[in-house]
Amino acid sequence: MSDATNLTAQIDINTIPALGKEQLLELAMGPQHPSTHGVFRMNVVLDGERVMKLKPVFGYLHRNHEKIAESETYLGSMPYTDRLDYICSITNNWAYAIAVEKLAGIEVPERAEYLRVITGELTRLQNHACLLGFLMQDMGASGTPLMYAFREREKIMDLFEGLTGARMMCNYLRFGGCRVDTPAGWMDAARKVVAEFPRFLDEYENLLVGNEILMDRTQEVGILSKELAINAGISGPMARASGVDYDIRKVDHYSIYDRFNFRIPLGERGDVYDRYMIRFLEMRESIKILEQAMRDIPDGPIVDPKTKIRGFRPKPGEAYGRIESPKGELGFYLVSDGALNPYRYRVRPPSLINLTVLEDLCIGQNVADVVVILGSIDIVLGEVDR
Amino acid sequence: MNLKLDQLDQIFVILNNWLLGYLPPVVRPLCSSILAIALILVTFALLFAITTVLERKGLGRIQNRFGPNRVGPCGFLQPIADGIKSLTKEDIVPNPADHVVHFLAPVLLVAAAFMAYAVLPIGRNMILVDMNAGVLYFFAIGSLMELAVFMAGWSSRSKYSLLGAMRAIAQMISYEVPLVLASIVVIMQSGSLSTVSIVNMQATYTGIWPHWFVFTPWGFAGFALFMIAATAESNRSPFDLPEGESEIIAGYYTEYSGFKFALFFLGEYIGMFATSAMAITLFLGGWSAPFSFLTWIPSYFWFFAKLLTIILTFIWVRGTLPRLRMDQLMNLAWEFMLPMTLLNLLTAGVWHFMPAGALRWLICGAMVVVPCILLSRGLKQRKKFQVRKYRFSE
Amino acid sequence: MNLENIKSEIEANVPGCQLEFVLNPSPSAQHSLRLDHAHAVAVATYLRDAADLRFDFCSNVTGIDWPAKELTEKVKVKKLVDGEEKEVEEVRKTTIPGTLEVVYHLFSVEKKHGPITLRMSTKDRETEVHMPSLTPVWRSAEFQEREIFDLFGVVFDGHPDLRRLLMWPDFIDHPMRRDYVAPDDFEYEPTAHDAVLQRANQHQSEAIAKLASEAEGK
Amino acid sequence: MVDEELKNEMSKQGIVTTTLQELYNWGRRSSLWPLNFGLACCAIEMIATTMARYDMARFGAEVFRPSPRQADLMIVAGTVTKKMAPQVVRLYNQMPEPKYVIAMGACAISGGPFKQGYNVLKGIDRYFPVDIYIPGCPPRPEALLDAFMSLQKMIDAQQLTGPNRPRHLNADAKSEFIVPKFGEHDLEPAQNSTVWKAPLVQISGTETDKSAK
Amino acid sequence: MVGKGIIKGMVETARNFLGSYVSKQRLTTIQYPEERAPQIEAARNFPFLVFDGTDAEQGLRCVACQICEKECPPKCIFIEKSKDKKPDATGKMQFYPATFNIDISVCMSCQICVEVCPFDSIKMDVVYDLSNNDRFAGLLLHKQQLAKSNEYYNTIHPTEAAAVDAHFAEERAKAAARVKAAAEAKLAAEAKAATDAKAKSETTLADTQAQPVGGGTR
């Protein structure tokens, strides 16, 4: 009856070249591991508790999104994008919509742009809140910060459900606009949630930001230099924590972000603490954007009337569209051959590319730091493996 | 009235004597011990059950939710259900594991944890063995638990178990030192290793105030250090590295299932109660009442009240703090705890030889506070951690 | 930033390189440059390091599979038929050889401009699937090139660690190629359509045949 | 064993009868510790279920054990890919009996929207038995709680003796299932035929006019 | 001073602990089977088919146009068209689905079937507690399970349903008008035919005029 295999007897030793030292311990963290945020594996070589070598293994959630999209209509891929980075579905929709709009040359009405910004920034808020919670969970904080984060997330989930009908898989954006307009009373509810959010941030700050254990565990851990960050294609809050002043909302001037007054927090050291704090500060900036957007939102149509739901065929060609998703640069590259479905559909996953430097960050660190570093990169496996 | 309350206080002793009265005198000591052991087993097993519910409910409340409230009235039958399930669960021993040691480890852990209660005075005249080297015995038994933990980690033949066991050993041995050193101040002061006489010394009053050791500078520092070390000894958050679930799955008991796993759980909690009880005995006056006018309440009530308070603090801390890292844990032990406990010994000596008065308080207080600040600042500066300011790009 | 200007600038600075301007007819107007294998790394390094370009951020690396395509066109040809010159319609078949293409999207963090698109193609899809790796120039290509190696079967020369990224090591197919056929697991398809339905039917008839043969065997 | 009528009669008169079977089933169902195991999108909703709003802890099920040795319930929350399937089966094998499985979400049941992917397993029940299925993509947290309660009801109704006794009390039934191996094109075997008994679907398979279309 | 941050955190958790006894803000649990969160109008889970009136078979709005079947991204809808016709919501004779199956073990609740349906016949349901232990029969919903009344639709999505009902009322009015117009036209035609016949008999010219066609005979 008892199982013959030991829990960790599944190490793929071939992937780790022998180092010729007998004291080294090879450890496979994952694919089922409490802190790999899903099904991710790291083959770690340890000297005591120090990491000597680390090789990430991907593909445990490779769901063939790109292959499936090649046989779906353009609209049919929209709900699949929800499931890429399944914590923030709306920003995924947005990146895809922008790529298709570039491919087909579609304009977006103003109200729709505002709705996109509002839902997108709400997504950013809940993503960052959850991330901080998960990061603390990885540090062993028995769930309390995560619970507080999810308490706030539930409020945003309620908003999403009220607007789009689903909590997580919103499938809200359409080419040239949004799917539905806000129902009565939604905007007021959203204003209330946004107005209450800073209280949560203060609570969080009290709970953890000045915490000595947190600072000790995160400062000077997993330092990423600015040069490496740029060369390795690191994007989003992770790059900004290393001091790279690059936010696609400011650089590409996409949508209507030019109209809002907000700042980009930048880190100095590029360690886990900076990555953690940058996200914390970004939440405060997102609240500013939300307040401005909710104040200024005009009336009007929410979708470009020229776009068709069925039988949408862009002209042959290709387009690369990208946005600043909460994880980083989320891009979609589409090649059309004039048919109903894209000839090639490619997702540029920020989570995967941000993992490029995982080994560099982890070498020489403690095994307990590995989970914290991984947590600070903020990956979602649905996006890493697609 | 007073007589009655005294009887209530001594009710277990009286009952014991009454029961033993029916037995031939030859077997009386043996039977007395067996009775007391049975009572301790039942009481603390029950306390374990209640603590698990309280912990889950307390954490729930901290986290804005209810916690278990469906199994039995208000969820208080939850541990019984857990127990039934654990008992009937399949017991898996991995093939490569060392079967004998794998089996012995949880048994030894629980046995050792319960053995520690032999020298803990639960109430007035309520102690199993009044050993004159009680404190020594307690710490000796405490090291047995480390052995059990290592047996568990080693025999499982799993890498996570081994890592957990390595961490546990390193941690427990490192914190054994400050734990013992922190308790030495009490022994210095009381001049006895017997837990009973230590408590008796504290159970006197000046006005309404008791003479608990915690109300002296060295006692307070000793208590704080003892509690930190005790948290580490009993693998509680934020020192729960050996079972740090986000890093090494479940640490040394990763490969344990069914009732053996439940035994580990039990052993850990019983061990935690034991160290907390020791802290109470050494610093918080054991079973003595906090004010002289409250002495009419039975002594064991005070003991359990103090124990529960400490347990609740443990739960509270667990609900708040993230876990330390191995090297930080070690740094804390060797760079902060050890010097502090050594300095505390000095403080206790100074206290002993100085005449009572405000000056003694001042000097001893300074002897505790100043090194504490300096050491912690040193710790902080060497690590250079601080709250940072961030720049923004428009 | 005009791609034509960049092209001429590269040509001036990287001697011998052959660049092809690839027009993108869609409204996005993201045109691209096709590199030759021999000078790809040099061109990439130039793009990264040139002071006025500084394309230091390689954002996206994509593989595209172009299977061999047969174009049939009707051509009117003048021919002598029965001594008489006539215009005859003739079906002419031209085969465009298949190729695997890799597309790089570059941005500049320093200058905050972009994107420009680079492409490279392999000679064919079966044997000559080699291509220089640009990972030494941009680290960000590391995993993405591995992914393309895995799913398309492009072999990147000079890649530091070219292993399968997503599929398991023993897997031998390249599933993102358009002629890939997924394994047969169509036992239960209650709402099948089109291709899936065909596969399901096929599976079903096989299963029934198997059952029948088993029954005969008994 | 006391029959139902007598029991009802006795409980009316204030006598509570508890058989060993009831006690055992009550213990099992009140203390279902899930494996801390998330695969994809549904895992987030599973986490949300344990969070303050839905609070799975009320049922005594917040003890998410990271080690399969200590878990009773496997919530397969998310897409099982072919690369992951052997690990999932292995985890299931490592869990001690009695063990239960909830397949949460479309992907875990059938592969869901990703069904036609080359690396997606079309349902975890190809390799081991599943007790409760929750449709939805992802199912709401309430749906998971509902499934959890259905599982409790299922356990409550189990007879410990007789032909319908649960697997773990049946010495002939296997508690270990084949772990598939990575093949050159697919997993080998592609399904565990002792567990996976798909009906031959005649719904679409025989629709000749549809396939002709 | 080391420990300040820790104490701050402890105070915060203590505040939440105590707050959970007094404030709903700090005790957010909805105890599911007894309490339920208020139904959100836009919520969606799985599709259902709307029927008008009381008879699920007769009143079904679906005309088996199979658009949703084609557009459904995961292809979880299976429709078989009927051989005969029945009147639809506006009274036109239409096909109806002989079989309409939705495999909810595949459905991803994306609502695209609702968006593409030109007949407002498929809508999203809000029922979520559908856990089942029957893998095959329990998760394949047939027409009988899918058909739900318009009243039900009105209770779960009142705003949307009111708009749909208004639209249908308008359509019906138009249809009625068309029928009326057709009847009138027919009458007129008959009258004209009569006069024409009269004229024909008078003029004996061949009648080459087409029959006037009334609306609504499509």
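Going by the order they are written in, the chains are A, B, C, D and E; count residues from 1 in each one.
By our rule, a residue touches a chain if its C-beta (ideal position, glycine included) is under 8 Å from a C-beta of that chain, and two chains touch if they have at least 3 such contacts.
Keep in mind the model is a prediction, meaning the values are calculated, not measured.
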Steps needed, at fewest, to go from chain B to chain D via touching chains: 1
Setting chain A aside and leaving every other chain in place, which groups of chains remain linked through touching? one piece
Which chain is in the middle, if each chain's centre is the mean of its C-alpha atoms? A
When the contacting C-beta pairs are counted for B-E and for A-B, which pair yields the higher total? A-B
So what's the Cα centroid distance for chain C and chain D, whole Å? 42
What's the distance between the Cα centroids of chain A and chain C, rounded to whole Å? 27
Would you mind pulling out the distance in Å between where the CA atoms of chain A average out and where those of chain D do? 30
Rounded Å distance between chain B and chain C, as computed from the means of their C-alpha atoms: 65
Chain A residues touching 2+ other chains are 1, 3, 5, 7, 33-34, 59, 62, 64, 67, 71, 79-80, 83, 144, 147-148, 151, 154, 169, 207-215, 385
By the touch definition above, chain D meets two or more other chains at residues 36, 51-53, 55, 58, 66-67, 69, 83, 94, 97, 110, 113-114, 116-119, 137, 140, 175, 198-199, 203-204, 207, 210
Check: chain B positions touching at least 2 other chains come out as 62-66, 90, 92, 245, 249, 254-255, 319-321, 380
So, with touch as defined above, which chain pairs make the list? A-B, A-C, A-D, A-E, B-D, B-E, C-D, C-E, D-E
In the complex, chain D touches chain B at residues 23-24, 26-28, 30-31, 36, 51-52, 55, 57-60, 62, 65-67, 69-70, 72, 94, 96-98, 168, 175
List the residues on chain B that touch chain E in their complex, please. 58, 61-66, 316-317, 319-321, 373, 376-377, 379-380
List the residues on chain B that touch chain D in their complex, please. 56, 60, 63-71, 75, 77-78, 80-86, 88-92, 245, 249-250, 253-258, 261
Taking the complex as given, what residues does chain D use to touch chain A? 36-41, 43-45, 47-48, 51-53, 66-69, 78-79, 81, 83-84, 87-88, 90-91, 93-94, 97, 107, 113-114, 116-120, 137-138, 140, 175-176
State the interface residues of chain E toward chain D in the complex, per the touch definition above. 27-33, 36-37, 45-46, 73-75, 78, 80, 99, 101, 103-109, 128-136, 138-139
